[in-house]
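Shared chain: subunit A. Partners: subunit B in the first complex, subunit C in the second.
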Partner chain A sequence: MPTTTTTDAGADVGVRTHVSGRPHRVRSGVSWILRLAMYAALAWVVLKWMPGNPDRAGKASDAVQFALVGLSLNIIIGYTGQLSLGHQGFVGAGAFAAAYSATVKGAPFAVSILIAMAVSALFAFMLGVVALRITGLYLALITLVFGLTLEVSLFEVEEFTNAGAGQPAHRPDFLIENKPYFYFCLAMLVAVVYVDWQLTRTKAGRALFALRENERVAAAFGINVTAFKLLAFVLSGAIAGLAGALFAYRYENVTGADYDFFLALTFVLMVVVGGLNSRVGVILGAVLFSPFGLEQLLEIHSVRDFIANIPGIGEGRIQFMPRMIGAFLLIQTVVLNPGGIAQQLRPVTRWLGGKPFSLHGDKDSGPGVVEGSSARA
Partner chain B sequence: MPVLEVRDLSIRFGGLQALEGVNIDVNEWEIVGLIGPNGAGKTTAFNCITGFYKPNTGTVRYRGADVTRTPPHKKAAMGFGRTFQNVGMVKSTTALENLKTAQHAKVQYDVLSGLGGAPASWREERELEEKADAILDMLDLQSIRDTKVGGLSYGTLKLLELGCALATDPEILLLDEPSSGMGPDESDELGERLLKLRKEFGLTMLLIEHHVPLVLRVCDHVYVLNFGRLLAEGGPSVIQTHPEVVAAYLGGEAPEALAKTQETNEDAALDEGTHRALKRGGRTPGRKAAAKGTAKARPAKSAKPAKSAKLAEPAKAAKAAKPTKAAAAEPAPVVPAPRQAARKPAAPRKAAPTGGETVATPKPAAKRAPRKTAGSTTSTTTTRTITPPPPAAEPSVGDATGTDEERS
Partner chain C sequence: MIRPMLLAVNISQDITTPLVSGAIQGCVYGLLGLGLVLLYKGNRIFNFAQGEFGTVAAFVVLMFGTGLGVPKLPYPIAIVLGLLAGTLMALVTERLVIRPLFRQPKVTMVVATAGVALFAIQAELFFNGTNGRTARPIVSGRAVSSGGLSITWQQVVIVGVLATLAVGSALFFSRTQTGVAILAVSQEPTATSLVGISVHRISALTWGMAGFLGSVAGILLAPTTLFGPGFMTTSALIPAFTAAVFGGITSLPGAFLGGVLIGIAEQFGNQIEAFPGANRVVVFALLLAILLARPAGLLGKEA
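And then the complex of A and B:
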């Protein structure tokens, strides 16, 4: 085989040119056109179809809020290797803080969101202090109790809950419609994804990965384990608070019952099924478990009829199906597929990222990615 | 003034006095060895020096400043680079990422500007990567640049860990068994490398090492620990023939054991397995035996298999004498014993299976004793005589320090 080029980058291309008989550049061009088509389709779905009608736009903004919570939880469970079963507490605290500060204290919209982030970050900081001393099962128990305690204490205070009727939280005029509100939520998600990306790129993220695996090694590398663990909790809390504020404004009313333990379980479930340590996976998992995902799927008539016709389910029990599917997916993920949805989609996401399509992935894929954290989760 | 000055260091874990009144001095550009039998407290001393343990009494001074209570991450920033016995790295990330992580303390941009994606952070990340690449080049590890650390072989891991310690930009390097998991050739190469590093980076080093040729080659000064106390110190050649050191290592009945086993290739191959087996189940018994000071019990047990094997005559003669004194009075088996070894090739082979069993059983302390001494007899080099060869030594230290680390 004649070698046409000798430069390291071009060697492969040159050979292929010879074999296939046409320039490699064209093929890579085709694949880029396909990629662009995919980007366009994705953009159309997210920007155009999702907020297509007010009802769908509302549920889509729910999905975005779930994605925010997912990213928040991923920082604790995925990056830092801790556990939080009380995340509904942070989200709820954020929701109440936003509604209370805006409606009762008259804080402007933006300020109320910042207050929500600060309050949730403070709660997360407190839990982070506990996590400095306790790990594993006991930490899980403490976070669980933390969430439940907030549920029956703070979320029941009459001043916050408007004597049980729920604290109203009115959107500013420009967000009254569901469609602009969805875009607003989406913008927030983009901002958080950016911060999350920067986190994993810079020293803070590396510090978290290091302390997740071995705190002594992290310390030997000069990483202040205490400070970075707290940073992870505070950052996670702030994002959860943001999500909480968006929840509050989404329904324009906050009651304690909205933030129950089942929600916390859903959060953990969606992060694990989506794929810990993967932004794409976590977001997809969150969408799947949000009101926009499985529940929306059951709204489709043919799907609904199909499931209702399965012996033993019937029309009456169909409302339990999303939970059943969720439980099934969790088992499937933990047993067969520790990388979650992200692992399954990696060939596609890699290709979309500009690399050649390959089912076998690269060295980054595989269970090793989440080994450290999934074992603890 | 010494770079590192350890004075009267003592630490106690419950009923176990792990270290007592240990003094260590490390001068600028010196490579100092810290050796001792299993459970002697070498890694505990390391942990005290690097701040992972708070000693009960004593001081650690670094260039004159008292750093006894300084937390480990601050010490890392001050210039303490260290490696761990069981390889300390972030296993789920790549070699490159590890080297970048290790440079943490030197990173200038703060966390928030990093999260905001400030241009300075991008620039500096590039610099970190360049430095990481330079280290990979220096250690000939470019081929594993983007490989997950978790999948690498033990020897490579040890080398990369050394690279990570270098990436922290240390002034004093504390290496915990850098040659474990390496073959003789590799550890020779490591010796060269350490000397070269000292020259290039002006490093000062303190190393725990069991591989005697390496200690003899690179160390300027050697400290010997036994049961938490400093047993001896001096130049490597002095230590090599120091009667008490020899006795401590060979358990007092050395010559007998010498006759019986030989380090085989199988042993070396099983080495890794032993390490793992011990990590799982065998740690505590080993540690306990060592801790209780069963120095006398050990040789007694080790003598058992020896009886079944035909003893060589010089060994018998030695046995007649008092155990500890025997080794002391008779440096002959300690300093080379190539001829003795060569004379009876049958004995080692018979004994080899016992060595194999050691691997399987999770109660290593007693059984390991024969294996430990084994290498010293049969090796043809004079250098092997003081300390056990790495295969025998490595798992045992694993149990000693393993418990230490769990305690914290």
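And then the complex of A and C:
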């Protein structure tokens, strides 16, 4: 509590001077109680409701895996500013590596996950080397063709796909139920969020942002362009590999058809709609576009009936609606609302982080900030 | 005495068949690639929705040509309606998605076009379901049919249309004022509007032309396969991109040349049986090689 008051006072001194009304300490106390209630509600949804029954727990672990992919993709699109349209390649490579090493070569569970991360990181490293010379649209094209090439070549090799039937990947005994598996995935997500947070708050993150804005200027300031670009790709690949391994164990079977181009588009879509460069936004976007999100909305009984009864839709067509809405959201986000969900939620996330509630929360929006916050204070 | 001769015949056939069928398939890539090059010249972007202009056109032709939920019309009129639908879709895309993003980074625009493609595919799935369709060819029958080699009249039409359009649009850019205006807008929009050229009108014109080219590609390609929602994107867009980049993304004849070369490379890749998907690996390797060695492409003028 004391720390927030000081940072608040430090952040907008001008506001505090003409704020009137209730004593500061009481107001702050009330809003902290509200915040704690929000945290508790959030924790209840994630820890209790999402894994509530085995089916929902399974879909919730899908959502967590999508969130992992989202964070991985955010490193490339958000932090380095390069468009990757082949991320399903990394994820698929991780899934096959995990399943193949565990089932055919008999690697233990943990080792198979590490192998998956290493394999995907290796692929990402190779693309990173290409990205040193080719950037922008051309790189986007290369990642696209890379993903498609893996899909029809490596993911079709009979030894990996168990002659087309799909490579089995059995969970260890303690994760055999969907519920503990969800918690396991969640723990992995927490670990990756921590790594990502460390990345952005240290020299590496600042170097990547500098590279994104202007490579030559960054190089002139002594930033090692080669090393940091490769670092970003390798890290992104490793996280994608982890997500792939978790996908493999989630369905306990891996086929090449699971990792098609539309999955790559969904990945890009969820990251952009969620809000690039924002961990909260990316995770929310991923949850929304995973099998847990929009499709879960349809599972609410009356919603499905309501939509099915609209003339011209009917039961057969309903399955295509979530993706159609998703594509529409993507266009809407890119054209009208470039910050994505994260931008819309910023007042709330800032408030949850201990700052005073304000609809115009950005530091650099000039006088509007002061007026808005003082009106609300 | 006879044996070596037979061997020679076999070898020559092994080379001719993939050469010819690859070149014809490549013409389809080139046709789609023309639209991609046009939009690169006009907006400096890669348009991921290019394939869907064609799919939508093909579906409209199918609807009106066979009377699916709409009055059945004569086939030529259905084709005109299909071309109109694809062009209209491009114009709507330009107005609602591209124009608001003029001042945004190009990558943003590209993501938006991918969104348009995805939306179109989902809408096609919504109305059509996942089932495949067969379209009537514009001309039926075979032009050549000997041994392993077989060329349909439809394929002859494809080659002819592509050659005409490639030459025609190349002349358009080099000989007409409008063509030069499009290039000017892509290089320096502000200065171009200062000399009295409407940037918005030029942008709409470019997209309309691209939509038309995409529709032509879709309508010509649909009868050669079983087609369904998103078929242009999944089967032809990626090779078309590769073709356009390979030939030089700024060069219209380059798209033609690149398309034919990529088509042939794919056919030869098909004959490699060491691992699956060899044709795609060959294409990927070609793309990497050309971008690393000569980013401007075979006939392109600038990187």
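What we mean here is this: the second predicted complex is superposed on the first by the 340 of 377 C-alpha atoms of A that agree within 3 Å, B and C clash if a C-alpha of one lies under 4 Å from a C-alpha of the other, contacts with A are read in each partner's own complex, and residues count from 1 in each chain.
Here is the rule we use: a residue touches a chain if its C-beta (ideal position, glycine included) is under 8 Å from a C-beta of that chain, and two chains touch if they have at least 3 such contacts.
The structure presented is a predicted model; accordingly, all values stated were derived computationally and were not measured.
Chemist: With both structures lined up on subunit A, is it a clash or a fit for subunit B and subunit C?
Modeler: Because the two structures are overlaid on the shared chain, the partners are seen to fit without clashing.
Chemist: Which chain, subunit B or subunit C, ends up touching more residues of subunit A in the combined arrangement?
Modeler: C
Chemist: Per the contact definition in the header, classify A:Asn224: touching subunit B only (first), subunit C only (second), both, or neither.
Modeler: A:Asn224 contacts subunit B only, not subunit C.
Chemist: Between subunit B (first) and subunit C (second), which does A:Leu359 come into contact with in this model arrangement: first, second, both, or neither?
Modeler: neither
Chemist: Just checking: does A:Ala163 make contact with subunit B only, subunit C only, both, or neither of them? Give me first, second, both or neither.
Modeler: After superposing on A, A:Ala163 lies clear of both subunit B and subunit C.
Chemist: Which partner does A:Ala110 reach: the first (subunit B), the second (subunit C), both, or neither?
Modeler: Neither partner.
Chemist: State whether A:Met324 touches subunit B only (first), subunit C only (second), both chains, or neither.
Modeler: Only subunit C; A:Met324 stays clear of subunit B.
Chemist: After superposing the two complexes on chain A, what is the shortest C-alpha distance between subunit B and subunit C, in Å?
Modeler: Shortest inter-chain C-alpha distance (subunit B to subunit C): 6 Å.
Chemist: Counting contacts the way the document defines them, which residues of subunit A are shared by the two interfaces, the one with subunit B and the one with subunit C?
Modeler: In the superposed arrangement, which is not itself an observed complex, subunit A uses no residue for both subunit B and subunit C.
Chemist: Sort out for me which residues of subunit A touch subunit C in the complex.
Modeler: Where subunit A meets subunit C, its residues are 81, 83, 85, 130, 133-134, 136-138, 140-142, 144-146, 148-149, 151-154, 156-157, 261-262, 265, 268-269, 272, 316-317, 320-321, 323-324, 326-328, 330-331, 334-336, 338.
Chemist: Touching subunit A in the complex: which residues of subunit C?
Modeler: Residue list for subunit C touching subunit A: 45-46, 96-97, 100-101, 104, 106-108, 110-112, 114-116, 118-119, 122-123, 125-127, 129, 234, 238, 241-242, 245, 275-278, 280-281, 283-284, 287-288, 291-292, 295.
Chemist: Can you list the subunit A residues touching subunit B in their complex?
Modeler: 194-195, 198-199, 201-204, 206-207, 209-210, 213-214, 216-225, 231, 363-364, 368-372
Chemist: Would you mind writing out the residues of subunit B in touch with subunit A in their complex?
Modeler: So the residues of subunit B touching subunit A come out as 50-52, 71-74, 76-77, 81-82, 84, 88-94, 97, 100-102, 104-107, 109, 111, 114-117, 121, 125, 146-148, 150-151, 164-165, 168, 405, 408.
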